[in-house]
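Structures for review follow.
The two complexes that follow have chain A in common; it is paired with chain B in the first and with chain C in the second.
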Partner chain A sequence: MALRDIAIVGTAQRPSEMNSTFTSVEILLPVIQQLLDKVGIERSEIGFWCHGSCDYMSGQPFSFVSAVDAIGAWPPIIESHVEADGAFALYEAWVKIQTGEVDVALVFSNGKTTSGPIDQILSLQTDPYMVAPLKPGFDALAALQARACLEAGVVTERQMAEVAARSRRDAHNNAIAFTKGNESADDLLAMPYTLNPLRAHDCATPVDGCNAVVLAAGDVARRLVERPAWIRGIDHRIDTQRLGARSMIESSSAAIAAQKAGVAKDRIDVAELHAPYTHQELLLRNAMGLGESTHINPSGGALVANPAMAAGLARFAEAAESIFAGSADRVLAHCTSGPMLQQNLVCVMEGE
Partner chain B sequence: MWSVAISAFGISIRTRWRDKKLVVSGTTSHAMVGDVFVAPLEVAYPYKRTVGTLLSRFFTSLSECRLEGTRGSDGRVYFPPAEFDPLTGAQLSEWVSLSDTGTVSTWAWQATPVEGQPLAHPFAWALITIDGADVPMLHAVDAGSPENIAIGTKVKVRWAEDRPGGVTDIACFDVVGGAS
Partner chain C sequence: MSEADGLVRLRQPIGVTYNWSAGPNATSHLAGLMNGKFVGKRCPSCALVYFPPRNGVCPKCAKILAGDVEVGPKGTITTFCIVNVPFLGQKIKLPYVAAQILLDGADISMQHLIQECEAEDVRIGMRVEPVWKDKSEWGPSLENIQHFRPTGEPDRVMGAESGAS
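On to the complex of A and B.
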């Protein structure tokens, strides 16, 4: 079966904030309205709605259902939800359009990350008998991975600081970003360890945020935007949940996903990598074979604004915008999930 | 947690149940934060479930201060034991008795422990390969300071006084011959 041509045709993001007192519906509603206005379509033209969020963050089972208020459920709509980052909702929407059942889908995600101790909340997704009872935070698990990489010589502390310095600098150009700075790598290396071998700047800033994108097929996409970001390859791979059985110094699932998504077929101009820790960006670049010719995370990346469950879809939005603007022809968007890069979703998009 | 012995067909099977209670609490008391009233929210799932044959045996051995792993199809020994072969998916049945010492394969320093973690004072998280096993496990090492731990450091189990059966029956690990 030939695959349909499907593209991202519009994106909208809410600027990051902390300790937001708005509900999920209140933060989503204006972003979705803004997106519909930007793309120039009515709600009735959306054939499928797909949402990514995490009930553990709001502390209420099925709390995601209330988000339907932000999209409107009358007349009846077809919608779905993933208990995951919105990037995985985008994958589901892509499959839905591939079935031929619908031509246009709206994907949205939200995370009120600062409402609770996100480091501990995310740890609840680890093995419930062998790992979760010890209550390791995600930062601690990432720190174990970073130490293994440092000892093996796969990364250096200076390279990690350089990733942070570049991301904080680039954040100045992004209205969505939260953490901004002009420190040099030397300045950052002079900072104390927070979770040795990690320093504060090695860990992403948890923020509240949300975003949405519209996907459309074929000529519908061409009608909605001048230069659609065509999805040429998309693939999702998972490493074993058993932390000790994984390689700490490479990301095999990211490498396979990149290969299946066709990353190496041509030059990648811009790669938006969802790397919540500095050493993980370096691991992902190695796994995907991204070299000097690729501009990594011009948005500042998840390091400077990490709304849990929305930071991956934000990478898709940022990468697609560079196609719309004509500043890039072939881009990569990536989303990770789980501790220590357990899951990796890789997507290659091109302009025409 | 409680357990019961069932005798059927002449085989005694020991089954264990475990209370499943995950509590995440962001705020601990009612308070005004600026002009916003904040109320505590506790999430709990207070149900019981049987942990199955493999974990029943494993948790029983821990409560009796013994370490047991399982051998995979490629000969590698998993501790904690794997119920199904990570490579082939086959059910694993060969148990291997292990010593209570191991080696650190990577570590990180938790300078500010969070409530509910194995130790209340600064400690190291580590992946530890138990002697006789091939795949490391996550636990805490009471190393005293980050200078006392490195990749390759030998460690030994410190058993918890109260051992209801679970990974926290191991209170933490101590550095062998060293410093805590």
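On to the complex of A and C.
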């Protein structure tokens, strides 16, 4: 089957904040309006709306339904929701456009990450019979993975500190970022462990945030933006949920997803990797074969602003913006989900 | 864990504490209830008055709701059901009436309890008024109202003259 050409044609993000007193709907609405204004389309021109969020984060069953208030559902619209990061909603929207039913889709995601103990909430994603009752803590699971990687010599603490130092430095150029810093890797290595072998800067900063992107097909995309970010490959792979049954020192799902998305076909200028822990960026780079010629996370990445369920779609937005700006020709956007990089979604986009 | 019938059962309670924020729009609504007032919000685009102001936006226009509008306290029953079925935690004597009430000046109805009349006398269009609990029991909640009761005024014909669309 011939695939349709589909591109990201616009993005909008809300600057990160903590302990937001707005509702999710009040946070989303202005961002969606800003995006529609930026792309220059009316709500009536959106053929499909797709939303990513997590009810566990608000503690309210079906809380995602209220987000429909933020997009306006009269006259009736076609919409869907994934209980996951907005990047997976983007994947659904991409499939929807591939069916030929619609030409334009708006994808949005939100996470009020600081309204609950996100470390506990995310660990409820684990196997409910054998793992979740142990209440392992999401950071602790990542620390186990980091320990395994260090022991195996796959990563070093210095490399991890270098990832953090670079991300905090790059964050100065990103209005969305929350954590910024000018420390050297040596400075960071001198900091105490918070969850040995992780230090505070090895873990992403949980923030409240939301974002939205517009996808469009073919000539519609060309009409809406001068240089669309064409999706040339997109693939989602999952490692087993049994934590003891998979390798902690590599990410085979990320490797397969990258291969299927065609990452190695040509040079990647910019890669926006969704790595909430420093060692995970190193694992992802290994898995996807990203070398020195690729600029990793010029936005500062999820490490400096991690609105859970929106941080993955933020990577797509950042990568697409570098195509719009002409600063990159071929980019990679990635989203992970679940403990220890369990799920990986990889997308390659190109400018024309 | 019990193995009385040969099955292993595990009880695994999970509790998570949230800092829930009502948001600025619902806050004026909740603060109003603490002062014995019904405060709704008006959509700046279609002018509909929302009580309660939902998530602070007009879902029809996708606009942030604007000014506070005091509505009620009297209202009209737009639909109702008579509850005859007992259930766990039942606090009210059966049968009782749960009704949708359109407060005067509002464009969406809210649900509340109808008391101080026979269930079979409740009807669409019936005028009702709130009976508030003692002030010492008030909080930021519609539960400040014990129930609504008939006012005895003539019924209001629902439809043409209603602001709702």
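Just so it is clear, the second predicted complex is superposed on the first by the 352 of 352 C-alpha atoms of A that agree within 3 Å, B and C clash if a C-alpha of one lies under 4 Å from a C-alpha of the other, contacts with A are read in each partner's own complex, and residues count from 1 in each chain.
Simple rule for what comes next: contacts are C-beta pairs under 8 Å (C-beta built on N, C-alpha and C of every residue); 3 or more make two chains touch, one makes a residue touch a chain.
Fair warning: this is a prediction, and the values are worked out from it, not measured in the lab.
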{"item": "Which superposed partner A:194 touches (first chain B, second chain C, both, neither)", "value": "first"}
{"item": "First, second, both or neither for A:115, with chain B first and chain C second", "value": "both"}
{"item": "Which of chain B and chain C A:131 touches, first, second, both or neither", "value": "first"}
{"item": "Which of chain B and chain C A:300 touches, first, second, both or neither", "value": "neither"}
{"item": "Which of chain B and chain C A:248 touches, first, second, both or neither", "value": "first"}
{"item": "First (chain B), second (chain C), both or neither touched by A:151", "value": "first"}
{"item": "Chain B versus chain C as contact partner of A:59, first or second or both or neither", "value": "both"}
{"item": "Partner chain(s) touched by A:23 [first = chain B, second = chain C, both, neither]", "value": "second"}
{"item": "Residues of chain A that lie at the interface with chain B and also at the interface with chain C", "value": "19, 21, 56, 59, 115-117, 120-121, 124, 132-133, 135"}
{"item": "Touching residues (chain side chain A, partner chain B) in the complex", "value": "19, 21, 56, 59-60, 115-117, 120-121, 124, 128-137, 140-141, 143-148, 151, 193-198, 240, 242-245, 248"}
{"item": "Interfacial residue positions of chain B with respect to chain A in the complex", "value": "18, 20, 22, 24-26, 33, 36, 41, 43, 51, 55, 78, 80, 82, 86, 105-111, 114, 116-118, 125-127, 129, 135-140, 146, 151, 166-168"}
{"item": "Touch list for chain C against partner chain A, complex", "value": "10, 12, 14, 16-26, 54-64"}
{"item": "Residue ranges of chain A touching chain C (in the complex, touch as defined)", "value": "19-26, 29-30, 32-33, 43, 56, 58-59, 66, 68-74, 114-117, 120-121, 124, 132-133, 135"}
